[in-house]
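Across the two complexes that follow, chain A remains constant while its partner is chain B and subsequently chain C.
Let's turn to the complex of A and B:
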C-alpha cells in the first residue's frame, strides 16, 4: 500500500509544474539575480593599496627606522601603500595630478601633506601617528634604560596580537554568502506548500479527494505518511540541486563540510514540510488562504533572516534574539553560515536542535489535528 | 439489510439537518434518496459513511455498526462523490488505478479491474488523457470509474449527474443499472425526479432532513389523491365554462392560465374522454392536448405544498 500511494504521489508532485517552478526554478533564478547583483560588491569592497609618496631628502635617508617602517607598509600582499620615493617637487606634482593621495616628509615630527580629507588620507595620517608614537616610546625607554635597547628592538620587530583569532570554518570572508544561505533556507521552507497539500488531500473537510480517501479502507495516517515521504524525497532533491547549482555554477562557498551541509538541508526540508502540514491542518480557511499565509510567513522569515538586507539579521541578533530563534528560515540560514564561518559547532548545534524542536512541534501538532476520523461539518 | 439507518439526528448549531432519519436499504435494490437541494441527502450519505459525526442514532452496513475505522465494511463500499474528486496530475488510467489500489492491493487483479472500469464507463479512447482535457460528462464518468472500479457490493452515488449533458446522463444511468444487474446494491441521491423514477426500485423522499415518503414509485404515486393531468392549449375559456368543467364526474380540478387549460382527474380516473367531450360540446377550439400520469413532483407537492425543484 505504501509503495502504491508513494508512487502516485511522486507522479503528482513531479507533474505539478507550478509547484516545481516555485520550489526549484524560482530559487535558482533568484540566486542568479543575486549573483549578478553582487558580482562587483566584493571587488568593490576589497582594500586597494593607497598610492603615496615620500620625499627623498637627507633626513629621510638618515632616518633608518622611518624608512624601514614605510618599506614594511609597502610590501607584500596586504600592503597599505604603493610607495613612490621622489623629490619634494615631484611629490607636489603627483599630488596635484591626483596620482597620489598624499606624501610624507621625514623630520621631527614627520609631516603629512594632503590636498583633501578622505579615507585614504586618514590612513596615511594614522600611519604617521602610529610611527611617531612608537618611535617616541622607544626613544624614551632607551633614554631611561639603554640596556633595554636590544630587547626593545626585538620586541618591536616581533608584533604580538592581544586578540585571539580562531580558525575559521574554511570560508573566505564574504558578506554576500548570507543572502544565498537565506535563499536556500527560503527554498527549504517552500516545502511547506507541499506539506500543506498533503494535509488537504487527506482531510475530508478540506477536499473531495480527501473525502474519497477517507471512505477507503486505508488509515489516513498511512496515506499521509506515504505522501509526506514522496514530498520529502522531491523537495530534498530540489534543495540538493539548488546547493549544487550555488556551489558549482555560482561558486558560493559552503565551507567544505559537505556532510553537515547536506544534514542542514535535510533538517531544513523536513521543517518546511511539517510547517506546511501544520498550517494546512490548523488554519480553518480555504486552500488559497493557506497558500497566502505560507507565502507571507516564508517571505517574512526570509526577509528577517537577511535575504533582502543582511544587516537585519544582526539587528535582530542584537535587539531581539528570540525572534531569530523563532524564525526557521533564520535558523537554517544561520546553520549554513556557521558551517562556513566557524570551526566550532556550538552555534550550529543550537540551530539544528531548535529546528528539530520545530519539527517535533509541527509534526505532533499536525498529527493531533488530523488524527480524528470523522468531522463535525464538511 | 445492506444499510439500516435508525433515528439519525445531525445538527449544525440551531439547524437540524437530519431529523430522526430512518430507512433501510435491501440487498440488490437501486435505492433512491430524492429531495430538493438542502433537504439533507448529502448530509445523510456523509453520516452513513462516517465522514460526518452525528448527534444521535445509528448506522449499520452489512449488519455491522459503521464506524470511521470499519475497514472491513469500507472495503465493500464504492462512493461516487457529488463533485469530481480526481487528481489533475494523473491520467484517466492512473486515477482509476490509484483509487482502486486503495481497495485492491494485488497488482494483477487491479490491472484487470481498471481495464474493466475503463470500458464500463466508455473511456477507452481517453485512458492517457489528463482530467483537464476531458469534457464535463467524461469527467463524471471518470469519477464513477474511480469510485466503482474495485467492484464493491454497495455503491453510493451522490448526485452523479449534476451539470452533465443528456447523452452522458443516459450513459451514467445505464451504467448504474448495469452495476446493479451485476449484483451491486445502489444508493442513488438526486433532486432530478425523472432520474430517480427511471432507475430506482425504491424511493425515499426527504424534506428538511425527514423522510416524508417511502416506497416504490407506484406506491408513492398511489399515496396522492390525484389521477391524470390533462393539459389543453386553447385561446379562450370563460370562467363559467371552467366552473362547469369542475363539476363533471371524475374531475378534481380545472384551471385556465396563459392560454393553457389544466384539468386534473380524481385518483384512478383518466378524465380525458370527459374533457374532450366537454370541449366539443362547448365549441372550444384547441391546439395540442396531452395527458400525464402523476409524477414524484406531484407526490412532493401534495405532501409538502411546494415543488420538488424549489
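Let's turn to the complex of A and C:
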C-alpha cells in the first residue's frame, strides 16, 4: 500500500509544473543572477597600485631621500604606487583626466594635491606624512648628535614592515558566499509549499481530492507519511541539484565537508516540509492565504538571513541573537556559513539542534491537528 | 464606457496582490535608502577611516602610543576576542583589519629584536596597505630613535613620537565641486531620491505586469471575448476603451509609486536632477507597460504570469545595476544587460545624478538613454500586437 500511494504521490508532485518551477528553477535562476551581479564584488575592494605623480622640479631633484623613498614605494611586487615623474602642468592635466589620484610636490613641507577624498588619496597623504614625520625625527636626532647623520639618511629611505599576517582561522575570503547559502536556505523553506500541498491533499475539508482519499479504507497517517516521503524525495533531490549547480557550475565554495553540507540540506528540507504541513493544517483559510503566509514568512526569513543584504544577518546576530535563532532560514544559512568559515563545530551543532527542535515542533503540531479528524458532512 | 469600467474593476480586485509588492518595495527602499545615504562624502579632504579591532596583550607607553596614533586613521570597533567572533567581524566587514600586539612585544622591540605586530586582514583589501602604512610609520620612527639615541626612555620615546607624528603633509583640493565619475562611492549624489528612482526599476514593471496581465487574461479569455464581441459596440471602441483603462492604470501606478518619494524627501525631490529622473521614469513606465502588454499577449495562466514576472523583473535588475551599483558589475555582464531597458533606465539615472547644469548639451546623454527606452517600448508593443493578432487568428 505504501508503495502504491508513494508512487501515485510522486507522479502527482512532479506534474505540478508551477511548484517545480518555484522550488527548483527559480532558485537556480536567482543563483545565476547573484553570480552575474556579484562577479566583480570581491575584486572591487582589492588593492591595486595607485597611479600618482610627482612634480619634477628643482626641489624634488635636490631632495635625494624623498626621491628614493618615493621610488622604493613604487617598485617591486607589493608596491604602493605607479609613479609618473612629470611637470606641474602635466600633473594637473593628469589629475583632471582622472589618470592619477593625486600628485606630490616636494618642498618643505611636502604637498599633496588631489581632486577628491578617498582611500587612494588617503594612502598618498599617509605616505607623505610618513616621510615628513621620519624627516622630523631625523632632524631632531641630527640636532642632538650630528655624527648620526650618515646612518639616518639610510633609515629615511628604507621601508620596513613591522606587521605579520596571521591566518584568519577559516577559509572565508569570499564574502558573497552567504548570499548563496541563504538562497539554498530559502529553497529549503520553499519545500513548505510541498508540505502544505500534502496536507491540503489529505484533509477532507480542504480539497476535493482529499475528500476522495479520505473515503478509502487506508489509515490516514499511512497516507500522510507515504505522501511526506514522496515530497521529501522530490524536494531533497531539488536541493541537491541546486547545491551541485552552485558548487560546480557557479563555483561557490562550501568548505570541504561535503557530508555535513548534505546533512544540512537534508535537515533544512525536512524543516521546510513540516513547516508547510503545519501551516497547511493550522491556518484555517483558503489555499491562496496559506501560500501567501508561506511566501511572506520565507521571504522575510530570507531577508533577515541576509539574502538581500548580508549585513542584516550580522546586525541581528550582534543585537538580537534570539531573532536569528527563531528564523529557520537563518539557521540553515548559518549552518552552511559555519561549515565554510569555522574549523570548530560548536555553532554548527547548535544550528542543527534548533532546526531539529523546529522539525519536532512542526511535525508534532501537524500530527496533532490532522489526527482523528472525521467529518459529519463534506 | 462598460469596457473601461470592467478594466478598472478587474484591477481593483488585484490591488491586494499588488499592494504586497508596493509595501515590500517601500519598506526595503526606505530602509536601504536611509542606510545608504548616511554615508555622504565629506566636503573637504579628510582621511578615510578604516574599521579596526585592536587587541593588546600588554599596555606600555609604546603600545598606547601606537593605539593613539592609529586612532587618527581608524575607527576602533569592539569585537569579542574569540576566533569565531573575529572571523564573523571580518566576513561581514564590520572590521577590515585586526591588530594584535603579542605579549612581550614592547620588550623585544626596545631590545632591537625583530618584533612584529600581528594582523588578520581581508586578503587583498585596499585598507591593508593603508593600515600597514600607519603601523609601520609609527614603529619605524620609533626604531629610528632607538638606533640613534640608545639611551632614550620609553616614556620620552612615546612623547617624541607624538610630536613627530603630529606633522602632516599639506593637502590641496583642486576641485571640491567637481565630482569625478562616481568611482568613489555609491549613490551619494542626491541621496534618497536617486536611490528611490533606481529601485523603482524593480517594482514598477512588477506592479504593471500583475495589473495589465490580469485585465488581459479576462479580455482575451476565448468565451468571454466572444460574448463581448456580440455586444453592440464596435471593435475599435472596445479596443480604445481597453487601451484607455490600461493607460489609466499605468499612470495611476506611476503616480502612486513616485509620490512617496516627493513626500519622504522634499529637499531631494524638488530639484532639477529629480525632475529629469521623473521624466526618465516616465519613459521607463511606457516601456514597462508595453512589456506587460507583451507578457499578457504571450502567457496564459496566473501562476505562469507570476513566474515570468518575477524572473523578468529580478533578472535585469541584478545585472543592470539596480540591486548592485553598475560600477561593481563586470563589463561582460553589463554588455548583456544593455539588451534590457532596465540598463538604459539605470544608466540615464546615474548620468542625471551627476548633473549640475541642465542645458541640452549636458542632458543629451541621458536623453539618448531615454530614447533607447522608448525604442524598447515600441518594440514590445509591436511584438505584443503581432502575437495577439496571431493568437486571435488561431482562435
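Quick notes
By definition in this document, the second predicted complex is superposed on the first by the 252 of 378 C-alpha atoms of A that agree within 3 Å, B and C clash if a C-alpha of one lies under 4 Å from a C-alpha of the other, contacts with A are read in each partner's own complex, and residues count from 1 in each chain.
Going forward, contacts are C-beta pairs under 8 Å (C-beta built on N, C-alpha and C of every residue); 3 or more make two chains touch, one makes a residue touch a chain.
Quantities reported herein were computed from a predicted structural model and do not represent experimental measurements.
Looking at the superposed arrangement, the partner reaching more residues of chain A, out of chain B and chain C, is C. By the touch criterion defined above, A:34 lies against chain C but remains apart from chain B after alignment on the C-alpha atoms of chain A.
Of the two partner chains, chain B is the only one that A:15 touches; chain C does not reach it. In the overlay built on the shared chain, the residue A:127 is in contact with chain C alone; chain B does not reach it.
When the two structures are aligned on the shared chain, A:311 is found in touch with chain C, with no touch to chain B. Looking at the shared chain after the overlay, A:207 reaches chain B, while chain C stays out of its contact range. Of the two partner chains placed around the shared chain by superposition, chain C is the only one that A:342 touches, whereas chain B remains out of contact.
Of the two partner chains, neither chain B nor chain C is touched by A:93. Chain A has no residue lying at the interface with chain B in one structure and with chain C in the other. Of all residues in chain A, only 18, 21-22, 26, 29-30, 33-34, 36-41, 44-47, 80, 92, 95-96, 98, 104, 109-123, 125-134, 136-138, 140-141, 144-145, 148, 151-152, 155, 158-170, 172-173, 175, 178, 292, 296, 299, 303, 308-311, 313-314, 317, 337, 341-342, 344, 346-347 touch chain C in the complex they form.
If you check the complex, the residues on chain A that touch chain B are 1, 4-5, 8, 11-13, 15-16, 204, 207-209, 211-219, 373-378.
Every residue of chain C that touches chain A in the complex is listed here, in rising order: 20, 24, 28, 32, 41-42, 44-48, 73, 83-84, 86-88, 90-94, 100, 115-130, 132-137, 139-141, 143-145, 147-149, 160-161, 163-165, 167-176, 178-181, 183-184, 303-304, 307, 310-311, 314-315, 318-319, 323-324, 327-330, 333, 336. Taken together, the chain B residues at the contact with chain A in this complex read 12, 46, 49-53, 68-69, 71-72, 74-75, 77, 79, 81-87, 89-90, 94, 97-99, 101-103, 105, 146-147.
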